[in-house]
Structures are given as structure tokens and as C-alpha cells.
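Each of the next two complexes has subunit A plus one other chain: subunit B in the first, subunit C in the second.
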Partner chain A sequence: MSVMSIPLPRSARALRLEFKRNAVPYVLPLLAAVFYFDTLRTADGFPPVWTPRASVIPNHMLIEFSAFAGGLAAWAGSREGRRKTADLVAATPRAAWARLGATLAGTLCWLLLAFLAGVAVLYIQTALQATWGGPPLWPVFVGAAGVTVVTVIGFTCGVFFPGRFTAPLVAIGVLVPFQVGFREALSVTASSGTYALLSPSGSPPPVDAGVYYHVAPDLSILQVTFMGGIAVALFGVLGLVPGLRELSSAGGLRSLRTVFTRGEGWLSHAVAVLLVACGVAASFTAFALAGTARPDAIGGWQIPALHSAASDQPVPVTQDCTSSPGFQVCVHPAFSFYLDDVAAALDPVAAEIAGLPGAPAGAREVASMSGGQNVWSGISGNPPVFDFTAEHVGTAYGMFNGIPATMYIDSGVVPDAAAWREGFQQGLLDSFLIGASQHAGSVPLDAAQQAVEDALLTAAGSQPQDPFSQMSVNGKPSPGTSAAVSAAARRFAALPASARHAWLATHLTALRGGTITLAQIP
Partner chain B sequence: MTATSVLKQPTVPARTTPRSPAGLRLTWLHLRSRRVPAGILVIAVCGTLLHAALHWHWTFNSGPYAQQVPMVIEAGAAAVIAVTVHSPFGETERSAGRWLPYLRLFAAVALTGVAILALQLGAAGQSLNDGILVLARNVIGFTGLGLLCSLVTGGLLAWILPMGYMAFCQYALLEAWTAPWTWPVRPPADRGAWICASVAFAGGLLLLTIFGPRIRLSDDS
Partner chain C sequence: MNVVLTGIHRSFGKNKAVDGVSMELGPGVFGVLGPNGAGKTSLLRILATALPPSSGEIRLLDRDPRRPAARREIRRRLGYLPQNLGYYPSFTVVEFIEYFALLKEMPSSAVPKAVAVAVERVDLGAKAKAKLRTLSGGMLRRVGIAQAIVNDPELLLLDEPTAGLDPEQRVQFRALLRSLGATATVIVSTHLVEDVGAACSEVALMSGGKVVFRGTPDDLTARGAGHSVGDAPLERGYGAVLSAARS
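On to the complex of A and B.
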């Protein structure tokens, strides 16, 4: 007897048939196209860092899979009703639960296979580009749980309401709650209630999430439990299908008793009821725990009952630094692909202020969140070092989200490589001109400081694009000041480098103190 | 049970059913066989859902996200229209009736009008981002795609293409695509978007009228 001719068990044969006859493969090309445009291209917009890239799984991939998973599962579930074969198959010796389970498993297998194939494409692409870290698994579990629960919901709807409108209705019926949950999750705060955290989709994480600290799995565990509970409960409901049908046709308490006490099906009914109870309990527990969520120190959420203190510990790592003997720039190895660009941006400005009191001897990247607060760039330490984060440099945000596409300062700045470079230079000069002890995230420069900064930027080869970005942070600059600042900046930039340096060495303390006027700038 | 009740003559003679005009009756039978009355009910549910979404602020007030939930509901209404093209009679009906293409055309156009009306009523008194023009354009465009899809997949699975296109447009919305064929993300007065949506609708209607939905594939799976 050859291997191929070994008869499969009955359930395996049924599953193979369902697998073969399923409608999901017909939709795979469409699903692949949507996956490419939505998930893959969105992920390409993030830097090759594992956590931000993996965030597209619950935020994009799950939503696009849900539309199809719900509809196709409803289509599969409605087969007996649609073809009016319910009475025919009811006479077969196979239990209804096993029959429906095989159909559900066939559909779910296809959808999960497609989902995991998409995850593989995403993760392989990231692995080829990432310079540090490894693939996070919790987003995959959340996504798989999401696909599973949507499939089970759709299938159950198809079994109970086998109409032609069931599939499209289920498709929009799962998408609308997803979108509403997404909206609520974007604005969730500890004071307004945290139940929206059960939504698998939410705002994308900081660009350095999972880099300096581990991402706590609390929320993911909660979401998987919630969605898994719903799936288990509905699967249990499927086990009660014949009884419920009988009940709906006969009605009355007596028939209810008959259904549950009849000899041949009591075990499956008991198991089904147990599954329903367990699923409801799991979902309710997750729902209750979601209400206890509180913000953690690194910008995420923690569930006290699930939280492990080990995930709060920083990830030990050695930074990647430039090897030049002068101004040394260090970044986390996850961002080492930006190291040369950051060094090229900072070196000319650092050369302009080298040797002056409080001038930084180097620059290093630090975590963008600490103690639940944003960390802004600034100069600190002895010898002084310019600290910046992957999110914030000066008044610019999202610096490591990508050089050409994401940088903006207040408004009106065209995102491009020059603006990205100037963001670093401006951030360094802001901190330097205000003083080493302050972090200059939102501290405005006065007119003289702004003129000196513009002059130094010009001398370093950059063109200040928005000379008032700093001055306008906390107020409106007067129209007359603009021309005066520009004139002073031009005058100061026209001086020889040695003269600028000498003037700064003499007047730096007064400039930082705000006692220098525009007219006093040579 | 005895045969008495069967053998007993009815006390009141059966009345002749009043005859309605043949065209009207044919149209009504055609609509019923496609579950159009139920479809209208489902479209009304979509309108109510849109009303609820706008009333309880399930959606964002402005910006690209504001179109997401309305777009899902519009695609849902279009998918319902596409599903109503399925015929339970198959080839038999096609060989028997010469009015069938006109009935298909009438049903699709009428349901599209009903969908626009129902969704407009749902949005009445609420703040719908981009207004009724975008809503109408989305409905006719998605419906056109659904009708085109029915030629390939059959009526019962014709919801797949509108849903897939809608999922793509969710991305195009956030990325601010400007191509006219991404009509759901274009401003209300964008001529190219109107042309693309209208072409999709006209193409779907024309091909559905001539060829009808595919009968075999979706029914066999």
C-alpha cells in the first residue's frame, strides 16, 4: 500500500474537502493587492525598526483581512441554508457541530495561511533592512486572533441567517466597529476610560518603541483574550445549532428541556455550553481588566494584573558611534543607518561653535520617552553632550521616521532632506544658545539669539527656511522684527569665522541671558 | 387526521384574482425573485447606520479619517445592490424572457437611486464630511464595481470587489492619493473622479444588462 492510498481519518477527509472547495482562494489575488497597497506600502513609510513596522499588522492588515474574512466566512457558514440542504445533512450520522466545524476550519485555515504569508512578507522585508532587534510576535498573535474572531463571527451569522445579504452585511458589520474602535483608541486617556484599548488598532507607536525598553505585552494579552473569548463562545454556540433550530421551530420550555436532556447529544451540548461560558468569562475578564489600564513610563499602557516588572528594564545595548576624533555622534544600533546622515548634519555646526563655553563635545541619541514624559533635545553632562531622540530634535518631530518625507516644523516647511538636516542643526544651536542646563524643546529664542542662529546656519552651509519658527513658538513676532533679524543674521554671517567665534566667546553669556539686542550684533 | 376537511367544499367560491397589468406583475416578480424588497430594507438599515455613526460621532469630524466610516457604509449599500442581481432561476429564465435585460437594468438603477436616497436621508441633519455629492459618487462607483464583479463571480459573491476597492481607498484616503480613479478620496467637485465613477457605473450597468451575472461559479462553491 502506497503512502498516498492510506485512508485519511474522516475529519481529515472532511477538512481536505472543505479546503479544496473553499471560496477564499478566489479572493486571494484581491487580498494580495490590498495587502501590497495598504500594509506593505504603509510599512515602507516607517524606518526599518521592528516595532513600528509590526504595528501595521493590527492597524492595517487586520482591517483589510476582516472585510474579507467576515464576508467569506458568512458565505461558507450559510451554505446549508443557502442550498436548503439542512434537513438532508441533518439525517447523516455526523454531528452538526463536526460538520460545521470542518467548514469553519477550512475557511479559517485559508485565511490564517494568507494572513501568515502576509506577515512573512512583511517580516522578511524588515529583516533584510533592520540593523538591530528581532521580529515581535505579539502583534502577530493579535492579528491572528482578530482574523479568527471575525471569521467565527461571520460563520456564525451565516449559519443562523443564511441569506444572500448576510455576507456583505457581516463585512461592513465588522468594519464599522473596527473603525469606531480605532477612533476611540486614538483618543484614549486614563481619565476618560480605557476600554477602547481593547481595539487592536490604534495610534502607531513612537519610532523608537521597543528599542530602549521592551514593549510590555499587557495590552496584546488583553486583546487576544478578549477576541479569543468571543471566538470560543461563538464556537460553542455553533455546537448548539441543532438544538436552537429545534427550539425555534417548536418553542416553549418543554422543548428546551427536551433538547438538553435528550440522550444522544447531551455530551456535545454540555461541552458547547461550557465553551460558551468559558468564552464569555474570558471576554468579560479582559473587558474588566481593560478598565484598569494606566499609562506606563515609556508611552504605552500597562495592566497591573498582567504587568511584569521585568519589561520595564532598559534593553542593554552599546551605541554605534562615528569614529572621527572631533565631534562624536552616537545613535542606537537600531538607527545606525542614520548615523552618517546625522553626523554630516551636525559636524559643520559643531565646528562653528567648537571651543566656546558650553559647546557640546558630541551628540548622542536617547530614549524619546522617560517617566511617561516626552524627552526633548538639549545639552547636558560634563563634558557637555547634545542629547536628541528619534522623535524630537529641537522643535522638529519624527526625525527618524524617514529623511525625505516626515519632518515638519510648525508649518510651512517643505519636507525634504535639507529640512531634515537643518532640523538637527537648529536643534543643536537652540540648545547651545539657550544654555547647557536647559532642554530647548519648546523654549523660544529671542531676536538676537535667532539672528545668531540663522547666521551660524548660513555659515554652516544651510539655508534657514523658517527664521521665525523658534520665535513664534510662544507668541507672534512683530512684523518689523523679521527684517531686523534677517539683516542682523546677514551681517553676522558675513564676518570671518574667527571674528564670529571671538564675538561669541565674549558675548555668549549675555546672549544667553537675553541682554544682547539686534543692534549690538556686529 | 381525516379526509373530511379535504373533501369538504369551500363555502365561499374562490374569487378571480384581480389582474394587474402584465408588465407590472412581471416587474414585481422579477424584483421579488432578486429579493429586492429585502434589499431595500437592508439599504434602509445602512442609512440608519450612517445616521447613527454621524449622530453619535463614531467618525472623525474632519480630515482624512472623517470619510472612513461613511465609505464603509456606502460600500455596504453598493454591495447589497450587487448581490440583488443574483437570479435563482439561472439559464431557464434567460431562455424564456426577452424582457430580462431591461428588468435587470431597471432594478439596478432603481436600487442605486434608493441607496443614494436612503443614505442621504441618513445623513440629513448631520455633518457629513464632503457632503452628499461624494456620497452619491461613492455609491454609484462602488455599485458599478459590484455589477462588474457579478459578471465574473456571480451575484452572490459580487460584494467582494466593492469591499476590496473600499479597503484600498481607506489607504488612499490617508495617503491623499490624487488619481481620479481613486474617486472616494477626491473632493466633491473633482471632474475626473466623477468621470471614473460614472464610467464604472455605466460599464457595470451596460455589461450586466447585456450579459447578466455569471450563474455557475458562486453557486457551485
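On to the complex of A and C.
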């Protein structure tokens, strides 16, 4: 007998039939369209870094798939009731569990295949753009667990409440309360504790998540355990279907003993009850562990019982740097796609202030979270170096150069390269003129500092933002002084570079101390 | 004996669907006649192990269906066509019959051949790959018969099997019943007395959940002597017995 002529086992043949005649393929084009318009386009709004891109799997893709998965599974689960084959199948020896399991498996196979195909498209697109790292697997596991649990929930609803309206009701029911409502209602607040972390969807991570530090899998393990527990428990409930049906037809709880001797035997019921117990225990354990979650030092969450200290260590990496002998700019290899743009933006302003006290000799990208605090741009070290973060580059100034910035449009920031460059240059000059080592963004410039900054930006070939816009950014100049600031900036910019440099060398300390007035600016 | 029923009762609320039925049946074709609501379908559902009796003793194929292992063994050797056949429209004829062959736990290697034989026996070879949604009512009935006989059952329960069949198909079906009845116990519930006369070796007539007559079709015909209601002798016998039971 050749391999090809070996007959398939019964379960495989039944699964093949269920797979072949499943309703999911009919909905795949619609699912693909939703995937493209939401998941893929949202992912395009992130820089080509693996962790932020992968965050759309639980935050967008899972929600879309859940509605379809719940409805389609309910449709499959309600088949025997809708098609009135309950008597016919009840007279066959195949256990209801095996029979329903094959139908569920056929539906789940299609949904997981579709889900994994979507993940593959997302990851292939990211792989073609990313310059460092590899595809994170935990978001895929969480997404697959989410699709699975929603499928089992929908299927169970279909089995117990068969009807033509069950599928749409489950689809809506899954979409609204389970996803949106669950996430919103349990958002992490003082009153809700940390139980909302069980919801796979949440806010997007920082753009450099998973770059400087590993993303601890604690939360993902928790979510997979929670959802897996629910799925296992409901699968156990499916094993009790014949017994529960006979219970209702046999006339109530007095017939419970009869039911357990009928149905599919005590062993089947015992296994089903055991599965329900194990599933509930797993979910309850995950729920309890969620209450112990605490923020970690790099912007994520850790579960003490699951946490590995190894994941707190920085990822060893050699930064990509410009090769110019003067002002050197270094970025993480994951962000090397904007190295040249950052260098091109910073070089002119760095040249304007080169050699002055506290002027940075170079610029380097650092992690956006450290020690549990947000890191802002600033100048530090000896020799001084301008530190900036990917979050600073991409979010504070409106765009990742060359990357569609759809996610920033809502914030009102116009995502064009010139605005981004000027904002970035301004960040360096803010730090230089304030003289503080960190948190430049939180200290507003005074009028004289603002005028000097505008003049240096003009000298570097950039167009300073209009005074009212600057006021909204830097805060300090009053409407009455904005014209005076502009006039002083024009005067100072009109000086020869050497004169500006000499004046700054002389008056920089006073300028930083806030004792220079607009009138004193030459 | 393949079927032994002793004092079977089945109630739905206050309604006694089956009321103290006792019978023993061996191989052969056994007809169950009766008006609507007589309890025929409930009796067949009990025999199909789809519905547990409220009380009474039942043995099928020398096994006690209350025991899970025995019940599973009975179901492997059982064929059942319910009165209202549910079906899955997206399945083809072959797939639907294969599906039930698998549910009946036939050896996987035997399934394709058994399905092909069943399809041929109900004369649906030309429609083997047609989706069920495209078939007429009579064809669907034949699909139902095919799934019932695919496992070559030792106990075959057919509830209104000829509903929707045209006269030629009914003749063929009666021949099929007779051949199946040579080795198996075939119980046919029907309200068409001509089916009973043509195919059954023995007949029971139910009324109000009780068996009010049991005998051969000739015995039933004999009861109709002098009774005026009915076009055929068997119908007159049927009418006479029912009238007597109701009075």
C-alpha cells in the first residue's frame, strides 16, 4: 500500500469535510478589506520598528477578527439546531464532543489561517522596511489566543442558542462589550487596579519599545493564560452538551442521575468537568496575577511571579554613526533610516554654536524611558553630547521622515520634512540656550533666548515658526513682545557668523541666566 | 430478538406520547401505522436512542441502551431516518452520506465504498456531486434513506420514508425494504397503508400512544370486512381498527 492510498482516519476525514464546507471562506474578502483599511494602514503610521508595528496585532487586528470569528463560529455552532439535524446526529455513536469538535476545529482552522496570513503580510511588509531586529512572536500568540477564545465563545453560544440571529448577535456582542467595552471599562485606573491588563488590546507602545530593552513577555503570558483558560473551560462545557440537553428533556434536576448515566457516560462527563475546572483555574490564576502587576522601568508592566530579570537588561547593540569628523550623530540601528536626516538637520545649528561653552560635540539617540521616567532631549556629559530619543524625533516633531504620518495628522501637526527639521533643530538649541542638562522641553525660553534661537535657526537656513506659534511651543513671550522678539532675531541673524559667535561667547552665561534683554542683543 | 420493548411510556408534560407499548421484533419489515399524534414518531425516536423513555424496559440488538457502551454499540448498527430530515445545504450528496458514515464510526477504509453503494441503492448516482440545496424534496428523502442504510444497519428505523417519492421510486423503495428486511429489523412508520401492504410482513397500529392492533397486513385487511370507510381493503381494516379503538 502506497502512502497516498492509506485512508485518512475518521477524525481527519470529518475535519476535511468541515474545512471544505465551512462558511469562513465566503467572508474572507470582507475580512481582507477590513484588515487592509485598518490594521495595515495603522501599521504604516508607525516607524518600521518591529514592536510598534506588531502592536497593531492585538490593538487592531484582533478586534476586527473577533467580530468575524465570533459570528462565524456561532453560525457553525448553531448548525445542528438551525438545520434540525439534532435527532439525526443524536442517533449516531460518535460522541457529541468529537462531532462538535470537528465543526469547531474546521472553523477555527480557517480563522487562524486567515489570522496568520494577515500577520505574515504585516511582518513581510515590516521586514522589507526594518533595519534591525526580528519579528516578535508574543503578539502573535496573544492574537491567536484571542481569535481562539472568541471562536469558542461564539461556537458555544451557537450550540446552546441555535437560531439565524445568533451569529449576528454574537458578532455584535463580541465587538462591543468584549473588545471595546472590556478595554474601556477596565482601563488601568486607580479604581480598576491592573485587571485591564488582561485585555489584549491597549494603548500603542513607545516607538522605541523593544529596541533598547527587551519587551518582557509577562503580560503576554498572562493574557494567553487568561484567554486559553476561558477557551478550555468552554470546550469542556461542549462536552456536557448531550447531558445538558437530556437534563432539559428529562424534566429537570430530579433526572440528573439519569442524565449522568445516559449522555455519553460518566467518563466523558468527568473529563468535561475536569476541563471546565482546569480552564476556570487557569483564568482565575491569570486574573489574580494581573492584580500584582506593576510598572517596570522601561514603560511596560511586569508580573513578579512571571518576571525574569534578564529581560530588564539593555539589549547590547552598536549604534550607527555618521562618519563626518566634526559633529557626530549616532542612532540605534533600528532607526538608521533617519540617521542622515537627523545629521542633516543638526549639523547647521551645531556649526553655529560649535566651540561655545556647553555646545554639544555630537548627538546620540537614547531610550525614551529610563528608570521609570520619560527621557527628554538634553545636553549632558563631558564632552557635551545632545541626547534625543526616537520618541522625540518621531512624535514630538510630528513625523518619522519618509514614513506616512497618518497617526500624527489628528494631532494637528503638519507632517512635512521642513517642519520636522526646524523642530528638531529647535530642540537642540533649546537645550543649549537653557543650559540645563535635561528636560529642555519643560523649561520655556525667555524673550532674549527666543530671539537668539530664532536668529540661529535663520542663520542655519531654517525658517523659525511665527511668534504666536513659538509662544504656544515655548510659552514665555507675551503677545506684546512677539514683535520685539522677531525684530531682535532679525538683527542678530543679520550679523556675520563670527560676530554672532563672539557675542554668544561673551554673553552666553548671562543669556542662560535670563539677565539679557532684547535691547542688549546686537 | 432485535427489539424487545416492555411497558414503554413516554410523556411530554401531561401528554402521554407513548403509553405502555410492549413488543418483540426479529428480522423483517415491520410497519407502524396510525393517525397524526398516535405516538409513532416518539416510539421511533425512543428506538433510535434519541429519546429516553420515561419508564419501561427496552433492549435493542440484545443490548441495554441505558448503558453508554451498549448504547454506542447499538448506534453503530442502527439506521435512522427522522420524519423531518435536517440537512446541510452546502454539502454534496456524497459528502452528507460520508459525514453520517463517519458519525456511525464505520471503518475509515470502508467509508468510500459504502457511500457509493448507498448512493446507488437510492438511485442518486447521477446527483452524487450535487449540493443538497439543489435537490428536490423527493431526492432529499432518498439522501436521507441513503444515510440511514450506509452502515448496513441491523436495525433500520424509517419515519415516513416515502413522503415526497414519486410512484416509481416508491416501488423501488419497497423492493429495497424487502431486501433489507431479509437480514435486518426494519421498522417503517407511515400513514400510507399501501406501503405497509406492499412491503411489510407485520404491522402495528397505534392510537393515543397505545398499540391497538398487531398482526400481518392480511389480518388487518380481514378486520375491515363490513367496514365502509376506505378505498382499499387494507384502508378499510385500518379504519375499522381505529374506530374500534376510539369507541
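Some observations on this one:
Simple rule for what comes next: the second predicted complex is superposed on the first by the 460 of 522 C-alpha atoms of A that agree within 3 Å, B and C clash if a C-alpha of one lies under 4 Å from a C-alpha of the other, contacts with A are read in each partner's own complex, and residues count from 1 in each chain.
As a working rule, a residue touches a chain if its C-beta (ideal position, glycine included) is under 8 Å from a C-beta of that chain, and two chains touch if they have at least 3 such contacts.
Fair warning: this is a prediction, and the values are worked out from it, not measured in the lab.
By the touch criterion stated above, A:172 is placed in contact with subunit B alone, subunit C being left untouched. Contact with subunit B, but none with subunit C, is seen for A:164 once the two complexes are overlaid on the shared chain. With both structures placed on the common chain, the touch criterion links A:361 to neither subunit B nor subunit C.
Once the two complexes are overlaid on the shared chain, A:127 sits clear of subunit B and of subunit C alike.
Touch criterion met: A:68 reaches subunit B, while subunit C stays clear of it. In the superposed model, A:21 makes contact with both subunit B and subunit C. By the touch criterion defined above, A:10 reaches subunit C but does not reach subunit B. In the superposition on chain A, contact of A:297 is made with neither subunit B nor subunit C.
Of the two partner chains, subunit C is the only one that A:90 touches; subunit B does not reach it. Residues 21, 23 of subunit A contact both subunit B in one complex and subunit C in the other. Residue ranges on subunit A touching subunit C, taken from their complex, read 7-10, 13-14, 17, 20-21, 23, 79-80, 83-94, 99, 246, 249-250, 258, 261-266, 268. Across the complex, subunit A is touched by residues 35, 38-39, 42, 45-46, 49, 53, 58-60, 65, 68-69, 72-73, 75-76, 79-80, 82-84, 86, 153, 155-157, 159-161, 163-164, 166-168, 170-172, 175, 218, 221 of subunit B.
Against subunit B, in their complex, subunit A makes its touches with residues 21-23, 26-27, 30-31, 33-34, 37-38, 41-42, 60, 63-64, 67-68, 71, 75, 82, 163-165, 167-169, 171-172, 175-176, 179-180, 183. Taken in their complex, subunit C has these residues touching subunit A: 45, 48-52, 66, 68-69, 71-73, 75-76, 78, 80, 82, 84-88, 90-91, 95, 98-100, 102-105, 108-109, 111, 147.
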